[in-house]
Amino acid sequence: QDISGKVVGFSQIGSESGWRAAETSVTRQEAEARGVDLKFADAQQKQENQIKAIRGFIAQGVDAILVAPVVATGWDEVLTEAKEAEIPVVLLDRGVDAPEDLYLTSVASDQVEEGRVAGQWLVDTVGAEDCKVVELQGTVGSTPAINRKQGFEEAIAGHDNITIARSQTGDFTRSKGKEVMEGFIKAENGGADICAVYAHNDDMAVGAIQAIKDAGLKPGTDILVVSIDAVPDIFTAIAAGEANATVELTPNMAGPAFDVLAAYWADGTEPEKFIITESKLYTSADDPAGEYERRKDLGY
Amino acid sequence: MVDADYALEARGIIKVFGNHVALDNVDFGLRAGEIHALLGENGAGKSTLIKILTGAYQPTTGQVLADGVPVAVDNPQQAQKHGIGTVYQEVNLLPNRSVAENLFLGHQPTRFGLVDRRKMERDSRDILERYGLDIDPASELGAHSVAVQQIVAIARAVELSGKVLILDEPTASLDRNEVERLFEIMRDLRAKGLAIVFITHFLDQVFAVADRVTILRNGKRIETRALDDVTRTDVVRLMLGKDVAFSGATGVQDARPLGEVLLDFRNYGRKRSVHPFTLSIHKGEVVGVAGLLGSGRTEMARIMFGADAADEGEVHFEGKPVSIARPTDAISKGFGFCPEDRKAEGIFGDLSVRENIIIALQGKLGWFSALNRDEQMEIAGKFGEAMDIRAASLDMPIKLLSGGNQQKVILSRWLATDPAFLILDEPTRGIDVGAHAEIVRTINRLRDEGLALVVISSELDEVVAYSSRIVVMRDREMVAELSGKDINPGVIVQAIANHKEGTAS
Amino acid sequence: MMRRILGQLANPQLLALAGVLLINWLLFPNFFRITWQDGRLFGSLIDVLNRGAPVAILAIGMVGVIATKGVDLSVGAVMAMAGAVAATLVVAGYPAPIAVAAALTVGLLCGLWNGFLVAVLDIQPIVATLVLMVAGRGIAQLITQGFIVTFNDPVLIFIGTGSFLGLPMAAVIAIVLLVIVTLLVRKTALGLFIEAVGVNRAAASLAGIRSRMLLLYVYGLSGLCAAIAGIIVAGDIRGADANNAGLWLELDAILAVVIGGTSLLGGRFSVPLAVVGAIIIQAMNTGILVSGFPPEFNLIVKAGLIFLVLIIQSPLAGRLFPARLRPVQEARK
Amino acid sequence: MSRSLRPLVATAIIFIIAYSLAVMQFPGMFSTRVLGNFLTDNAFLGIAAVGMTFVILSGGIDLSVGAVIGFTGVLVAVLISWAGFHPLSAFAIALLVAAIFGGVMGLAIHYMQVPAFIVTLAGMFLARGGASVITQDSVPISHEFYSWISSLIIRLPGGGRLSFIGLTMVAVFIVGALVAHRTKFGSYVYALGGNPVSASLMGVPVARTTVGVYMLSSVLAALAGIVFSLYTSAGYPLAAVGVELDAISAVVIGGTLLTGGYGFVLGTFIGVMLLGLVQTYIIFDGTLSSWWTKIVIGVLLFLFIVLQRLIFAASAPGEKAAEKG
């Protein structure tokens, strides 16, 4: 269906990571391809700004609203307002704790599943060997950090040979990832005791890889590296044998969202409530160099 | 010594700052219905004593008694509750608040729990009227001159003083009329049974109003006497602990030939600050500047020094036209300037006495030729001795020195730069007899050494004593230049008062 | 002489540092172990120096600003800008020296801009630098378009992660800066002038100190230091992360200066002690890392440290401790 | 017109001009809905900014407000959702905790003579850290009392709504203005900001006032936290990060001098509204990336400061015109 000319507001969380920047630019590309007039508002990681943005969109009378919610709670009121104004809302990449009738659908990955896939990969890779894992958490208290930790722990539960020896926050950033990893290496006998590092996102993994190299160890061999997001830089690392696996979180949440909206506007089709994107695992077997080329211009 | 009818009494007060004993076992009693002058050299401990009486400082040992009963005065607020009103030495009010609020802060009239501003301003107007001030009580205090602020401070203290009024150098920035009016009020309050402490360096004023006098020296109480029993010379002798000949100099205006012209201001002025003036200053002379408070003397000094840029006229230095747009221009030509407001513009409170002395010289030398510690010590030591600066150590912060010693430090600061021209704005304000004489002597010596000086002073006797010429300012305009026989207080007062009704005294 | 040196060692900053290191050692017995590996020293203490370097460098610039009674809130944002400039330039194919020079210039200009607002327009430093703190990060993001600009330039990477005489490059740069700036302020009269302006700017002007120029220099130096720190941080992760580089580091830098005994009200200052302050903060961060503390407690531990240091420094403690434990100036008498 | 009033008037005029220009471009911005949203969306910021105004007037600064907002939200949520307290008793507990917290900061500032900047920075770490220790998750609050409060809305013609929390903010501003300008406590605050030494010699209870100011700031921050929890029906340890900077910006834009002693509570209100206006404008425009928000707010801050500088020609108290060279 032709949805050109429609005005859609997009309340993005911020641009705190490479992945999120990619999501923003993919959303813009998707909107442009469909002729949609995208109103973009960046909340700088603050829920209050997102609520303001949604209220602003309602006041402008947009045709639909896309929200990538920064936290799960606290949306009832503003979503009710949108509903009263008869503006469909689509949630992107994270869910909310609100009655399901307040939004049209939610396009998201399953973050717990992401952690699970990463954990499963590790379980499969180490087999019966003892493995001490160090974990680089995301920002303390953020939903992906909590879910990805949970999923990973679920996957390794029951495999007593795999233990999480240390877990600290690397704030989803490269520099903190590197600093924390340096600390872990010192704390774990110069890194000799570490079998694998699990990072909640690729940026921290990239930092950790450098820390491992600085310590005179080989990332990918001496210490396994598994992380989540599948940003271009991690594919370079995988291609170089410095990282082992990453779980993809697609930045294209907007494509499915626009499709759903198009159907909804055309004839009021109610879509499925939860559209889960795939959490695909990439390893060195999956043509990392090619994946890098495919992604490098997506705006990561 | 114990006297039950003391309204306020300090017993055995010892106050130690660091390892400096500011007050050493001082007893001080204040009777109801008396004006009690507290005298002493700079740093004798006068301000410290009253700060202890009013709770601003706590004594190291000793007691404060009100009506013979020991009381705890932990802070100025409690002192106010005991009916003690105080004007501290520096104008210590709030320039950012209205005049009315400054008068009533802490005891504002309220209605329904809220401050009743209308009543407060009405009352303020009445109070100010008693002091001959017709200003809007709602206006910001900071917008008024220092003199007005001083009067407001006095008015506030008087309002608060149910029993005791303490005035620490209240007259330093007041003119004659204002001082007279203050005295009237003091006498009036005395008649009502108030006990009044009066600190000043003007002996005339002491003899004009006070009943008794207590003299402090080096933190010790030397004497308490009825004023009727003592003479001026006694008082000075007691303060200094030695006999001094009054330098009641009658002017050294023998027709000494003037040196060559050092500086020549031609139609020099700044809009809304000083009307253009023309003045040449010779080497080896002191040009005194007289005028009422607020007549623009300070402004004149500031543009001479480039602290404010002149926007009219020109200035010639040693015959050549020069531009003096900022203090560094002036300093590079050998100017020096001791500002009037020592605390705000003179001293670097947290820096040492040594650094305070060498800073202008260092500024002149620039960053890269830094004086090392020994050189600094030598220079500071030299001037410390020459000026008789009383400091426990040259490395102590200058803010711990008394006012007079601070002033000597600032003078030393400029002398260290080996200046050709010095501007001194009220160099003797708030300074004891000893230091006063010291500074006057220094002025004379510098003149004899060939320096050119401009000295602003409100003490006519003093200006007359050392000036070769006197410039009179009125309403921001230079109105007269006196020399020779005209240099006497009578003529100056005439010149100041000209065209003004009834100001001549 | 001996006593004076002892007196200096017994100052609260060094005591606090010793305390933090001791606690680290108790929590993690290998804390002091240093080994030689791949031509560089390797160990937790070296990490403290390496990780502490950016904040130490910021503190070196900040201490002068604070001594003039100012504060520079913009350093974190300037770090992000400098990193962004350096990274985008090398990615665009410019040689590293040009990229570094450009980044340093940007930092210097930012500093001068702050100095201009403070010295010429007479704006209170907190507000003046708040402008760049808010806008600077936005500009950095504008330069990188919100992406992490990664690079492979060996020179930048060396600045961030290389080593010299076995020490991490970042620490070497910090030490060199420390020496240069300390000499600059103490062997010339600059330090005295800065203190004079901080104590009483009006009096300083009347005493012939060009306080405006001085403020410009001081803020300029702070901007320059921030740019250096920004380049190091970018080189360290081989990328400019405009969002996160230097985020909230201004607070750490200010904290370092204050822990180093310089009053936020201006006046007396010490560059080396500010650096010690930065190292104390980092020693604590590293301690939390290696001791395996749960991350939720990081901030609480940090708050605790601040209170501890403040209590040691406060006049209250002065009365409880014997005089010789108090700050240098007083103890000297 | 009194010198200190001028920046306030300037800010007000600029707000009106800016708003008019925005309305000319996007007529939709002149609607009861947008105006109502201004109050609701900025309620927590406004309330916190009132406290910040007092702190700044007294010559201090409080960096802990954002963290206190976050902590209060978590505390309230945990008390209600986990411990089963009634929201009103949870509110009372939170306000009490905040009062103690602010009081302790005030005591430290006064008695340890440590700059407020540092003490409140430690307070910020403590409150934020405390919140993450209690929970790392966002804790939803579902209590009928919360739904009831949310339903307290005055609907205006044109789709606008005046919410309970928006009106709470207005009330806090009114009370704040009264306290600042018409009580002894208020005059002490100004006195302290003007010159603490004079204030103390004039008998201002400096210790009590300092403690009171930081207590007030923390209590208002806690109230803001409660309002925030009403706004989002949840408590989240990372909520309101950096709100202290927004509050400081609002206070500065509102014409209060950061060195203390001059300013008005009403100015802060306009400052808050102006920040809201910028955000709303950028949302309406819809093409600007987040960095433009930062740049625009930075530029605005700059313009305001310079403007106020020009109007408020005299420099900060105590540092008179001797600045040359």
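A, B, C and D are the chain letters, set down in written order, and residue numbers restart from 1 in every chain.
Criterion: a residue touches a chain if its C-beta (ideal position, glycine included) is under 8 Å from a C-beta of that chain, and two chains touch if they have at least 3 such contacts.
Predicted model only: the values in this text are computed from it and were never measured.
**Student:** Please identify which chain has its centre, taken as the mean of its CA atoms, farthest from the centre of subunit A.
**Tutor:** Most remote chain from subunit A, centroid-wise, comes out as B.
**Student:** When the contacting C-beta pairs are counted for B-D and for C-D, which pair yields the higher total?
**Tutor:** Of B-D and C-D, it is C-D that has more C-beta pairs in contact.
**Student:** Approximately how many whole Å separate the CA-defined centres of subunit B and subunit D?
**Tutor:** Roughly 44 Å, centre to centre.
**Student:** Please report how many Å separate the Cα centroid of subunit C from that of subunit D, as a whole number.
**Tutor:** Chain centres of subunit C and subunit D, defined by C-alpha means, are spaced 30 Å apart.
**Student:** Let me have the rounded angstrom distance from the C-alpha centre of subunit A over to the C-alpha centre of subunit C, please.
**Tutor:** 34
**Student:** Tell me, which residues of subunit B touch at least two other chains?
**Tutor:** Within subunit B, residues 307, 326-328, 339, 344-345 contact more than one other chain.
**Student:** Give the residues of subunit A that touch two or more other chains, as numbers and ranges in rising order.
**Tutor:** Touching at least two other chains: 14-15, 140.
**Student:** At least two other chains touched by the same residue of subunit C: list those residues.
**Tutor:** 141, 146, 202-203, 205-206, 208-210, 296, 298
**Student:** When you draw the chains as points and link the ones that touch, which shape shows up: line, ring, star, complete, or other?
**Tutor:** Drawn as a graph, the chains match no named shape, so other.
**Student:** Among all the chains shown, which pairs meet the touch rule set out at the top?
**Tutor:** Taking the chains two at a time, the touching pairs are A-C, A-D, B-C, B-D, C-D.
**Student:** Touching residues of subunit C toward subunit A in the complex: what are they?
**Tutor:** That would be residues 28, 30, 35, 37-38, 42-44, 47, 51, 141, 145-148, 150, 161, 233, 236-239, 241, 243-245, 285-286, 289-292, 294-296, 298 of subunit C.
**Student:** Which of the residues in subunit B come into contact with subunit C in the complex?
**Tutor:** Counting only subunit B, the residues touching subunit C are 18-19, 305, 307, 326-328, 331, 337, 339, 344-351, 355, 359-360, 362-371, 393, 395-396, 413.
**Student:** Residues of subunit A touching subunit C in their complex?
**Tutor:** 14-18, 21, 24, 137, 140, 166-169, 171, 173-176, 178-180, 182-184, 186-187, 190, 203, 206-207, 210, 214-216, 233, 299-300
**Student:** Going by the contact rule set out above, which residues of subunit D touch subunit B in the complex?
**Tutor:** 2-4, 178, 182-184, 186-188, 190-191, 193-195, 197-205, 261-262, 317-318, 320-322, 324-325
**Student:** Would you pull the subunit B residues touching subunit D in the complex into a rising list?
**Tutor:** 56, 75-77, 79-80, 86, 88, 92-97, 101-102, 105-106, 108, 110, 113-115, 117, 138-140, 142-143, 156, 160, 302, 306-309, 325-328, 339, 344-345
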